[in-house]
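Before anything else, here is the set of structures, which you'll find just below.
What follows is chain A paired twice: with chain B in the first complex and chain C in the second.
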Partner chain A sequence: MKVLLVDDEEKFVSRLAERLEIRGFEADWTTTSDGALSKAENEEYDIAVLDVKMPRLSGIDLKKGLEKLVPKMKFIFVSGHGSEEDYDIGIREGAFYLTKPFKIETLVERIKEALNL
Partner chain B sequence: MHPIKNFTTLFKPRFWHAGTSMGQAQTLFNYRRFFLGSVSIRAFVSIVPMAILLMFTYMLQDTAIENENHLRTVRLTSNTRRTITYFLQERLDALKFIVQQKDVEALMASDELPQVLHNLKMGFGGFVDLGLIDDSGFQISYSGPFSLKGKNYEDQEWFIRCAEEGTYVSDVFLGYRNLPHMIVALRWPMEDSTFYILRATLDIQKLIQILSSLDLAEKSEAFLCSRNGLLQTPSKYYGKMLERMDLPVPEYSIHSQVVEAVDKTGNPILIGYAYIEDSPFILMVVKRSVEIMKGWHSIRQKINWFFGMSVVTTLVVVLCISTLMMNKIYDADQTRLKAIERLETSSRLISVGRLAAGVAHEINNPLAVIGENAGLIKDLFTLRKEYKQDKHLMELVDAVLESVERSGQITKELLGFARHFEPKITPIQLSKTVSDVLSFHRKEASYRNIDIHVDVPEDIPVIYSDHGRLQQILLNLINNAFQAMKNGGELDISVRKEGEKTVSIRVRDTGLGISPEDEKRIFEPFFTTKGPEGGIGLGLSITFGLVRKLKGDISVQSKLGEGTTFVINLPIDTQGEIRNEGPAR
Partner chain C sequence: MEKEIGRICAEGFSFFGMTNRLISHEVKNILAIISETSGLMNELLELSEKSMPLEPDRLRSLSESMIEDVQRANQIIRNMNTFAHSVDDFIREVDIRKTVCLMMDVCRLDSALRKTELNLADGDDCAIYTSPLFLENLLFHVINFCLRHPGPEKKIRILLDSNESRTRISLTGLASHIAGAFPTKKETLLAEALSAEIILDADKGRLHAEFPERIEGSPIQNLLPID
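Right after this comes the complex of A and B.
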C-alpha cells in the first residue's frame, strides 16, 4: 500500500512515514502541497494523509488537485485544531479525520478502513 | 408577616437596611438618596402650593375682616354720635321752646320756674336745675336743689360765650355740688337789645346710659372726652373721670373716623371717634383687636387643624407612593444587574473558550511531533532485541508517550469547551434520555451504595433539542453527583413542565455540597474543588456552555454537608427559540 503523507511539520511527517513503513506500508512524505502534487504525478498512491491547515494550499484544496491526478485515491485529514468544523469538512469531503496527537494504531486502522483492507 | 412589620413596609423601602451587603447595586446607585429626593420633591410640590394658598387666603381674609371691622366701628361711632348730638340738641330745643312760649316776667314769678323745671324733668329727663340770668350776669331766678338765686356769673366763661354765640354746651365738671354735671345755656334777646340767659344743669347719667347701652365686647368700651383729652364719662381702661385719658386726642375730623393704635399695655386697639357738633365732646369707641379678631381666629384655628391633617395625609401618601415606586425601580435594577452578571459570566466563558482553543491548537502540533518521535524510538527499539529487553529504556519511552496522550486528552477537552457549531435539533423523550444516560451508571451506583430515583411524569411533552448535547449535560451532572457522594447517598433526577414553553430538569445529590464562595464560581472554567487528582475544572463550564447553546439556563443550590441541586431549564422547542433570536445570531 502506498501512502503519501503531507504536513508542513517535517519532524512529524518524516517520523510518521518511518513508523508506517515499519508497519508494512510504503510511505512517502513531503512538507509542501507542490511537493505532494509533483510526487503524485510520478507515483500512484493509494491513500494520502493530509494536514488540513498548510501554507499556500490547504489540505482541502490539495485533495482536489490530487484527485484530478489520481481519481481513485483515498484521503485522511489530520489537524491540530480538532474543531467541529474540521470534522464536518472531513465528513463532507468523504474522508476520515483525526486530531493530533493520535496513536499510530488509530491511523493504521483508519487507513485500512479507507482502503477496505 | 407580623402586621406591624407589614405596615412599616408601606413606608420603608426594601433597600433601606440593605447596607453594604447590596454589593454591586449599592455601588451603582444611592437608592436612599433617590428615595429621600423623591419624597422631598413630592412633598414639596404637594404641600407648598397648599401652604401658599392658605397664607394668601389668610392675608385676604385678614384684610377683609379688618375692613369690615373698620366699617362696623365707623357705623357704630357715627350712630352713637347722632344719638348724643340729638340728646344735647333736644335739651337746647326744650330751652328754646320755653323762651318762645313764656315771657321773662312770668318766669321771674316765684312759682313759675319750678313748674317749668318740673315739666322739663317729666318731658325730657336729665334736667337738674334751671336759672334765669340777666345780661349783667346776675341770676335773677333759680329753681333747683341749691340756693343759687342772686349769684353773679358775669366773669364766667360760659356766660361770656353764650352771650356772644347764643348757645352754650359746657364740659362736664364737678362745680359747687361736687357731682359731675354739665350745663346748657341759651341767650334770650329782648326787643330793647338787652338779653337774658336761660341756663340748665344736666345730669350726665343719661349720657352714660346711652354709651353703656352699646353692644360692645367685654374689653371694648365707648366714652366721651373733651377736646383737651379729659374723660367726660367713666372709662374702665383708659383713665379716671375728669382726668386725662391714656390715649392721644384724635385729630379733628368732621366725619366719624377709625384709627389703629396701641394701648399703654401694648395691646393693639381700634379707635372709632367723632367730634360732637356744637359741643366740647369727642366720642371715643375703643375696641381691642384681639376681641374683634376672636371669631376669625377661632375659624383660623380650625382651618389650621385641617391643614395639618392634610399635610400629614399627603406625607403618608407621598411616602407610600415613593416607597412603592422605589421598590419597583430597585427590583428592576436588581433584575438588570443579575442579567448583566450572567452576561459577563457568559462572555467571560466565551473569551476563555476562544483562548483555550487557540492554546490547544498551538500545543497539539508540537505534541504530535513529540508523540511521533517517541513512537518511532519505541518502534525502532522494539525491532532490535537488545533494546527490547531493556525494560528501563522502554519505560522511559512509554512515559513520554503516555504524557503525550494525556496532554492530547487535555487539549481535546479544551477544544470541546470551545465548540460552537449549530445544534442538531431532534424530538427527544426526556424519560428515555435520562434512562439512557443512567444506564452507564447503574452498575457503579450499586457498587458505591448510591440510590437513584427518577421522576419523569407521563405528561412531560416531547422536547425539540440537541440529543447529544443533552446527554453530555446529564452525564456531566451525574458524574459530578457521583464524585460528590464518596460514601454513598441518593441521586434524584426529576423533570417538570414549567409553563407552556419550558421544562425543568432537577439533578439532586446528597453529597458533600458546595460552600457559598465556591457556588459563585462553580461555572467558571478551570475552577475545581477536586484537587490535583480531579479534572481540570472544565466539566461544569462545558455544561454551562452546552445549556446556553440549547437556549436554556442552569442554576445551582447547595448546602455544605447536605448536598447539591442543579436545575436546568430548557425550552420545549429550542429551534423556535433560535428562530426568535433572529438571523444575526
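Right after this comes the complex of A and C.
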C-alpha cells in the first residue's frame, strides 16, 4: 500500500511516514502541495493523508488536484483545528478526518477502512 | 457613539477569538510532532529488542528535537499569557517594542505567512498611553497585510521611531503598487479609536502607523470594566 503524507510540519510528516513504514506501508512525504502534485505525477499512491491548512493550496484544493492525477486515490484529512466546520468539510469531501494529535493506530485503522483492507 | 463603541468591542472580541484559534491550532501541531517523535523513539527501542541495532545518535537527535518542540510550545503559551493580560486594563502605558514583537509572533502562527522574512530593527524602547488590546488588534492587521504583500525580496522590516508627541511604526519591503485598499474599514475604525493614522505609500512599498503619546477624545476611553 502506497501512502502519500502531506503536511507543512516536516518533523511531523517525516516521523509519521517512518512509523507507517515500520508497520509495513510504503510511505512517502512532502511539506508542500506542489511537492505532492509532483510526486503524484510520478507515483501511483493508494491514499493521501493531507493537512487541511497549508500555505498556498489548502488540503481540500490539493485533494481536487490529486484526484485529477490519480482518480482512484483515497483521502484522509488531518488538522490541528478540530472544529466542526473542518469535520464537516472532511465528510462532505468523502474523506476521513482526524484531529491532531492522534494515535497512529487510529490513522492505520482509517487507512485500512478507506482502502477496504 | 454607542454604535461605534459596539463595533470596536465586536472587533476586539473577534480578534481575541481569532488569536486563540491560531494559538490552539499551533499548540496542537506541536503536540502532534511530540507525539510522533515519542512514538517513533518507542518503536525504535522495541525494534532494538528484536533484532535491529539501536543508533544512540538517532535517539539523541530525536530527544533534542522534542526539547526544542517543548520550548517552542512554551514560548507560544507565554505569548498567549501576555496577550491574555492585554484586557486587564482598557487603557494603560504600553511598550511598543514588546507589543510589535508579540504581534510578529502571533502573525507567524499562520503558516501561510511564514515564507516572508520579518525583522524588527534595533532601537530604543518607547511607550505610549493607549489601549493594549486595540493596539495589538491594529498591529496584527498591519503586519498581516504587509506579510501578504511583500516585495520581490520577501523581507519586511519594521522600524520604530518616537519623539515626545508621537510614535511611528514603519514597515518597509512591501510590493509596490499593491492592489486593494488599505486601511480597510476595519483598520480605519481601530486607528480612529486609537487616535492613530495609517499611511500606505504604495509607490515606495512602505506603510506607516503613527500613534500619539496619549490617546485623546477616543470613545474607548469611556470603556470601563465593571467593578
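One rule holds for everything that comes next: the second predicted complex is superposed on the first by the 117 of 117 C-alpha atoms of A that agree within 3 Å, B and C clash if a C-alpha of one lies under 4 Å from a C-alpha of the other, contacts with A are read in each partner's own complex, and residues count from 1 in each chain.
Here is the rule we use: contacts are C-beta pairs under 8 Å (C-beta built on N, C-alpha and C of every residue); 3 or more make two chains touch, one makes a residue touch a chain.
Computed from a predicted model, the values in this text were never measured in an experiment.
*Asks:* Consider chain A as the common anchor and indicate whether chain B and chain C clash or fit when overlaid.
*Replies:* Aligned on chain A, chain B and chain C clash with each other.
*Asks:* Mind working out whether A:55 is in touch with chain B, chain C, both or neither, as first, second, both or neither?
*Replies:* A:55: touches chain C, not chain B.
*Asks:* Contact-wise, after the overlay, does A:68 reach chain B, chain C, both or neither (first, second, both, neither)?
*Replies:* Touch status of A:68: no partner.
*Asks:* Between chain B (first) and chain C (second), which does A:104 come into contact with in this model arrangement: first, second, both, or neither?
*Replies:* Both: A:104 reaches chain B and chain C.
*Asks:* Touching A:12, do we find chain B (first), chain C (second), both, or neither?
*Replies:* In the superposed model, A:12 contacts both chain B and chain C.
*Asks:* Between the stretches 133-141, 259-267, 367-375 or 493-501, which region of chain B is in steric conflict with chain C after the superposition?
*Replies:* 367-375
*Asks:* If I apply the document's touch criterion, which positions on chain A are contacted by chain B in one structure and by chain C in the other?
*Replies:* 9, 11-12, 15-16, 18-19, 22, 80-82, 99-102, 104
*Asks:* Within the complex, which stretch of chain B touches chain A?
*Replies:* So the residues of chain B touching chain A come out as 357, 360-365, 367-373, 375-376, 379-380, 383, 404-405, 407-408, 411-412, 415, 418-421.
*Asks:* Spell out the part of chain A that touches chain C in their complex, as residue ranges.
*Replies:* 8-9, 11-12, 15-16, 18-19, 22, 53-56, 80-82, 99-102, 104
*Asks:* What residues of chain A sit close enough to touch chain B in their complex?
*Replies:* Touch list, chain A to chain B: 9, 11-12, 15-16, 18-19, 22, 80-85, 88, 99-104.
*Asks:* In the complex of these two chains, what residues of chain C are touching chain A?
*Replies:* Those residues of chain C that touch chain A are 21, 24-29, 31-37, 39-40, 43, 47, 65, 69, 111-112, 114-115.
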